[in-house]
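You will see two complexes here that share subunit A, one where it goes with subunit B and one where it goes with subunit C.
Now for the complex of A and B:
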């Protein structure tokens, strides 16, 4: 057991160390607030603000869209609203989607965009990421809602509450920490994904000014910069990776803290 | 599986449903407020009359029925909100306005504690919200459930932090706050420590003045302590029912005798 724990911890520490050591040297204020000079692929000047802002746009947009879709689905899958058979088929479909590689979402999103007459753009990236996040968010929320003790719902029904009142006033509150976790889990997966936005969001040196502009992203910044023949630009890839890592870490720590705050009223 | 249960549950008394595990006590109880409807694969035949109305009649409004018939579960489940909101939940979902809240508080005082009337409020027109009325209602019911003194300083704290005994009394206050006529209790003390259990029994004896109480219990001594009327079920069958003294002192059926003497349990 100790061996397996040390392997897990060692891997995490190794990743953090390598990325930090390699990336920290090129990390500077200008990296954070400037857009690239001389092109993202070959240029040694400027920063990666385009990718930072782009990644936040993409993943925040997709998180909001996916949330608006998954919350109703997660509730609709409960036995008060949907028959067992249909719910199980839906769960199976979501599980398959969860397991689908993100490059497939990218390819599918690309076809979808061509059909709709869109170019690689922020909108296209958001749509592809939403598709990627949807099953993760829905299934994790749904699982939490399903685990709520039936007696708690009975308590609400026994007081004369309707299905809707029970769902929104009791079940939703009880499930809130789990819902938050689902959102952040999907956000973390979305912000780090490169393949689904490779064709759909494109890449650019600029910060997008409309939904139809192409947009840069941190995972693709890493991807392109590591692949250049110029050592200085390769260094910058690690700085990008470090920034991505920090964002993900901050989000997961914040989710822990928020979870604790929201679970104040929760009955265990 | 319950069959051939025909029994009159008396008003204003504590009726205990007793019998060995799995004899259908809880099923019978949950039929009385139709919580049984929530379970899959349940088939219901027959009639249950409350105030002369068959509660399984399709025209019956389920929500009104459940408002009239309060329920206390075996293990208390606080709703995921504050102590205050737990009690306010029922009155809120039933959309009670300030006059109704106030009337309910006054009624309660007349019945339970005529010697200590709640303070007069300034006229409703001077205030915008019904917080004052709701506050009075919450205090009255927490007092009625014997919990007020323990929680009055943390009404807005989470109900989940209460001890399990306090949670059960909170559940009682919450059930009473929708102004029911009948209280159903499913082994309400089985998850509690002896002191909390005793408190609940004490509240029940106090409450039977104003409410009809039906309590399921597998603790024979508890039934002896609190019941006025006893229903004995055995393997889904109604074996015997009658006033408590009679059932305990001179049971007619052999099975009742065996259960009461402890030969079967």
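Now for the complex of A and C:
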């Protein structure tokens, strides 16, 4: 059994080590701040600033949109608003969505875009990622909201506050650490996902100027560059992978720290 | 009536709308994909689509059999490799490990779950593919390393976090009294685990495995990078395969130019959604039952 645990831990260490070592040797400042120049895909100059900025645009946009949709759902699942059975069915529906492969979101996003007459664009990518993030965010927020001691809400009701006032003034504040964790969790998942934006966001060497421009992204930068036969371009895939890994790890650490920091204001 | 009360009523009403929206997303996705896959379903019967091996989009022949077999095989290999490791880890963490070890490994598992699949794919290309190539040569199979086995190994790694964390959760929810009562009868720890804890937790553990299975079934990018993508039914684990998600991801560029192609590919997304959601539904319902005890 200890051997099994060691395998699991060793796999993580090996992944982190290999990507860090390979990535670090090919990472440079120009990779970070330049967009691809002519002949970039043959090994000439330039960087992946287009993918870094693109990924941030996509994930930030989707996180904001998903937050605006998730928070009301998480609030609505409280027993004051929704009966137990309906709430359980909704939780189940969200769990099923959570398990849906991201390529299916990509395909659905694509169908949606054809219907709306859109091309592969920042907007399309944001829509697909929002769908992907929605169940993750909602379920993790809702778990925290459900943990709030009922006495706290009852105190608020006893003072004459309405349900919606209690929700915003008591529940929201109390659940804030959990809400932050949920947002960061979804952001981390979204920024690393490739399959859902493959159809919907496209790929470009430029930083998008409007919502309707196609947009590059880090996961797809790794994916496309590693597939080329040219060693210099493959090196850049490793560097892109390292950047992606660092972003994901920072987000994951931040969510833990933030969760702890915000929990100071909580009544226990 | 008081304005505050009006606001509260309005909010409660809109909460209903919000809940309806949350419930309808899954149906909208299924409906959208189904409508788009109707042209190909109208042209060929569903049995032909699933069991025919001819994949020739230009002639309008769409046989999904090699892809379905590829998906199932790569997923099975992953499960065979990962289930023993995951279950033993979960049992150790739940029954034997010190609290600090448990928390530490939980952190490891959380981080693993958060690593993007494209990074698993890259790591697979750098580490697993050469390994499998050498292994294949040592065993007398000429292989590029881009094969079912490589895909299975990477998939196994990718789904281990969910299997470990769900089964750990399930094992921890087995009441302490059940263990104490058994130990009081003079059994060893392992006997307690085998005869009592695992018996109580078996449905939950099965659900954990099913959840891992569906993750593996739908995983796209990492598999696409590693499994070789040759549309034939593989003969050995060193042969390349071409799972459904990879098919979908690889061909989106061309699918607008050939008639029926788009419809056939979206049909494959529809199958994927149905299979994964079906299994997930079963697993989650089982988990809910175990939670209630």
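As a working rule, the second predicted complex is superposed on the first by the 251 of 268 C-alpha atoms of A that agree within 3 Å, B and C clash if a C-alpha of one lies under 4 Å from a C-alpha of the other, contacts with A are read in each partner's own complex, and residues count from 1 in each chain.
Everything that follows uses one rule, which is that a residue touches a chain if its C-beta (ideal position, glycine included) is under 8 Å from a C-beta of that chain, and two chains touch if they have at least 3 such contacts.
All of these numbers come straight from a predicted model, not from anything done at the bench.
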Exercise. Looking at the overlay, what does A:12 touch: subunit B (first), subunit C (second), both, or neither?
Worked result: second
Exercise. Any idea whether subunit B or subunit C touches more of subunit A?
Worked result: C
For this session: Identify the partner contact of A:24: answer first if only subunit B is touched, second if only subunit C is, both if each is, neither if none is.
Result: neither
Problem set entry | Which superposed partner A:193 touches (first subunit B, second subunit C, both, neither) | second
Exercise. Looking at the overlay, what does A:116 touch: subunit B (first), subunit C (second), both, or neither?
Worked result: neither
Exercise. A:162 contacts which: subunit B (first), subunit C (second), both, neither?
Worked result: both
Exercise. Should A:170 be classified as contacting the first partner (subunit B), the second (subunit C), both, or neither?
Worked result: first
Exercise. Looking at subunit A, which of its residues have contacts with both subunit B and subunit C?
Worked result: 162, 165
Problem set entry | In the complex with subunit B, residue positions of subunit A that touch it | 149-162, 165, 169-170, 173-174, 176, 264-268
Exercise. Which residues, counting only subunit B, touch subunit A once they are in their complex?
Worked result: 33, 35, 38, 63-64, 66-67, 70-71, 73, 75, 77-82, 89-90, 93-94, 158-160, 171, 174-175, 178
Problem set entry | subunit A-touching residues of subunit C, taken from the complex the two chains share | 4-5, 7-8, 11-12, 14-16, 18-19, 21-23, 25-26, 29, 32-33, 35-36, 84-86, 88-89, 91-93, 96-97, 105, 108-112, 114-123, 125-127, 157, 160, 164, 211, 214-215, 217-221, 225, 245, 248-249, 252, 265-266, 269, 272-273, 276-277, 280-281, 284-285, 288
For this session: Under the touch definition given earlier, write down the residues of subunit A that touch subunit C in their complex.
Result: 1-5, 7-9, 11-12, 14-15, 18-19, 22, 69, 72-73, 75-77, 80-82, 86-90, 92-97, 99-108, 110-112, 115, 131, 134, 138, 162-165, 167, 185, 188-189, 191-195, 198-199, 219-220, 222-223, 226-227, 237-238, 241, 244-245, 248-249, 252
